[in-house]
């Protein structure tokens, strides 16, 4: 009999979050971000957070909302452009920032979820990222040792999900959500559509429910587009 | 415009295989094995092969067919029971055997495909598998350093595939096929059903075509069941 | 003395509501038949299933749906399929919380041997080394002695190891034993009709017997 | 002198039939518009697309379908979607064969800097460090000089590096340059109307000029 991870909503889903915790948040830019969890974190006003997220949102959306309220102590990201408040806090030293190559970020989350405490990668060798890290040659090429990342909570956003926590993502909204779902001590999934157990095809589930501890239907999703780019029909 | 990886059949698919090469072969037991490629390898009679495969087939099917003809010099596997000829060759020293924990085998293939030359795992520490390998403590627990595996050819078997090499597997026939597909210098996919480009849902492809160099429709699939186990309707 | 089903039945009492469980080949597979009503667990099969169900009805076997013992199986509602790398990510990452497996030998420090008899038999470790190196809770299901009547509950394993300091509990045809962090088998329960003296005689490793030892309650 | 489209057009000539290509933000994105008929390539977008197509028609934008520059895009027939870890497995594993990206500085030993100006600007490296550390072939698309007129083609980068010894070719508004394994920019082609002398004057790094330098053929 499948486990029941269903919670009533975002409030119950975030039970136990508090100051000084480390969170992972899925998404790439504003695509596939856990909007409901971010809103609730802001509402709760918890502080001194370490947030692991590929990007830091924009000034008034995504993680930008928690930067406005100065709830974030440290960001671990790969790309943080497009956010003036972020840049101000970082350059002034108010915000700690650990910038990580995007592939290393994804792999470090995956490793954290997969019980691989460290691995070698060529990315970042010879740069600031490699400073202080062990270097070893493989196939004549220098590699650096990178450590796994885990988090107290991982917040992910899926398209569809069932009560046992099985998740399916849509389009490029998948991005960091699956590796981060694996790396949370408690992984919370907010979904656009909660489907009955058995409706998801077992052969086509992106994130198996074993990685998810709590799931709820998001109250609303804005799904803002950061760079609306189109071509004309001619 | 998508790439065309389609070849006429198993003969063209195996162009370039020769003595002394290292092959990866997908499958778990007899489930999801590349039957057509194995038959063609036997037909070609090439020798001194190193085969990386979770199991070694049974006496008269799967990799057992290449053991009968003494084409295999070395097996890299996790479990080799259920095969008398294998046990005989191994205990007599005719066959070199490298036994690897199943999870390390899967991860070493994945790492080989993902450009991760080495990683730490707790599996095998304190056992023969850990002998001669670097040991390091992480979170108070000893881990050993394992190296990536790659192969001259990876042979995988999929349920459906298209001309650009995108693959979908069925049931538990997925197993080692996706990680091995990533780790072949040349990856050959034999499929039960070749579908027109565009028919596979981009959101539900198990192995992206970038990992596959050649694809063909298998002429026939026996799909033998190793342990037929049933219950009665009462 | 318990038979294999009895051992499985006793082990089923150790399974907690909400756990993801990996069952090894042999006796452990039988544990699935004894999970009480109301205890929701999902079985992981390391070849790529979460939510493994019972064997299929005759005529409904599918060559593409097998368990880690290569037996034809079915899926429970809500099951998921995945590849071997993802499967061991679940195991190594400690998402699978309980592993139940067989053994040839267990030592009083929690070492286990179950994959090789030098010069005689080498089947390979399969997923066992990953499983015992990873799960928080590892229970061994086995006979207390081998066919020659020699104890399998030892001070030190004589066969090549599968893992070190990992087994937490042993359930045999004679007894339930906890392996203490400081070493030693603590006798918790006797099988029906088995005396403490018989267990002492059949146990080569350090056995700790404190107070009255109850008989197993198999309901 | 070339404009951005001209640089993209010239780089498109470097793309080979059957290649998987990652295009960075800015000029590299434009390269997709100039791939000749008959050259089949697939574009990888590191946020999770293989087989990225053009921008959508107005009204057909989908918030769940963006490229690595956060722009709305479409999929080609045969495209695939995947997560970020899989995406960088493709990149790190050298399955993506060609990377085209922008730069603030390039050195004569193939070093590249493009993610940080200390004390002034820090956007982050995004996927660039993984890309330049991995792909066999890396082409930089950039202006030959910065807004202050200073050369970006240097003996040594002054800004924090993105990668070392990795850039194979540089295409600027003035020239096509190979970076030699032993170091140095070998001048291959001049942009239309640009003289060798102008290129020499705009290049701070070691420039190797041998024989007649042809003008680019942009068809």
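Here the chain labels run A, B, C and D in written order, and each chain numbers its own residues starting at 1.
We adopt the following convention: a residue touches a chain if its C-beta (ideal position, glycine included) is under 8 Å from a C-beta of that chain, and two chains touch if they have at least 3 such contacts.
Predicted model, so just to flag it, every value in this text is computed and none were measured.
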Chains contacting each of chain B and chain C, listed by label: A
Remotest chain, chain A as reference, centres from CA atoms: C
Centre-of-Cα separation between chain B and chain A, whole angstrom: 32
Centre-of-Cα separation between chain C and chain A, whole angstrom: 36
Intercentroid distance (Cα basis), chain D paired with chain A, Å: 28
Multi-partner residues of chain C (each touching 2 or more other chains): 81-82, 88, 91-92, 134
Sites on chain B at which at least two other chains make contact: 107, 110, 114-116, 121-122, 169-171, 203
Category of the chain touch graph - line, ring, star, complete, other: other
Touching chain combinations (by label order): A-B, A-C, A-D, B-C, B-D
Residues on chain C engaged by chain B in the complex (per definition of touch): 45-49, 54-73, 81-85, 87-88, 91-92, 111, 115-116, 119-130, 133-134, 160-165
Chain C-touching residues of chain A, taken from the complex the two chains share: 1-4, 110, 112-116, 162-164, 166, 182, 197-198, 202-203, 205, 208-211
Complex contact set, residues of chain A against chain B: 107, 111, 114-122, 136, 138-139, 143, 168-171, 203-204
Partner chain A, residues of chain C touching it in the complex: 18, 20, 40-42, 44, 50-51, 75-82, 86, 88-96, 134
Contacting residues of chain B [partner chain C, same complex]: 28-32, 54, 77-82, 87, 90-91, 97, 99, 101-107, 109-110, 121-129, 159, 169-179, 206, 223-233
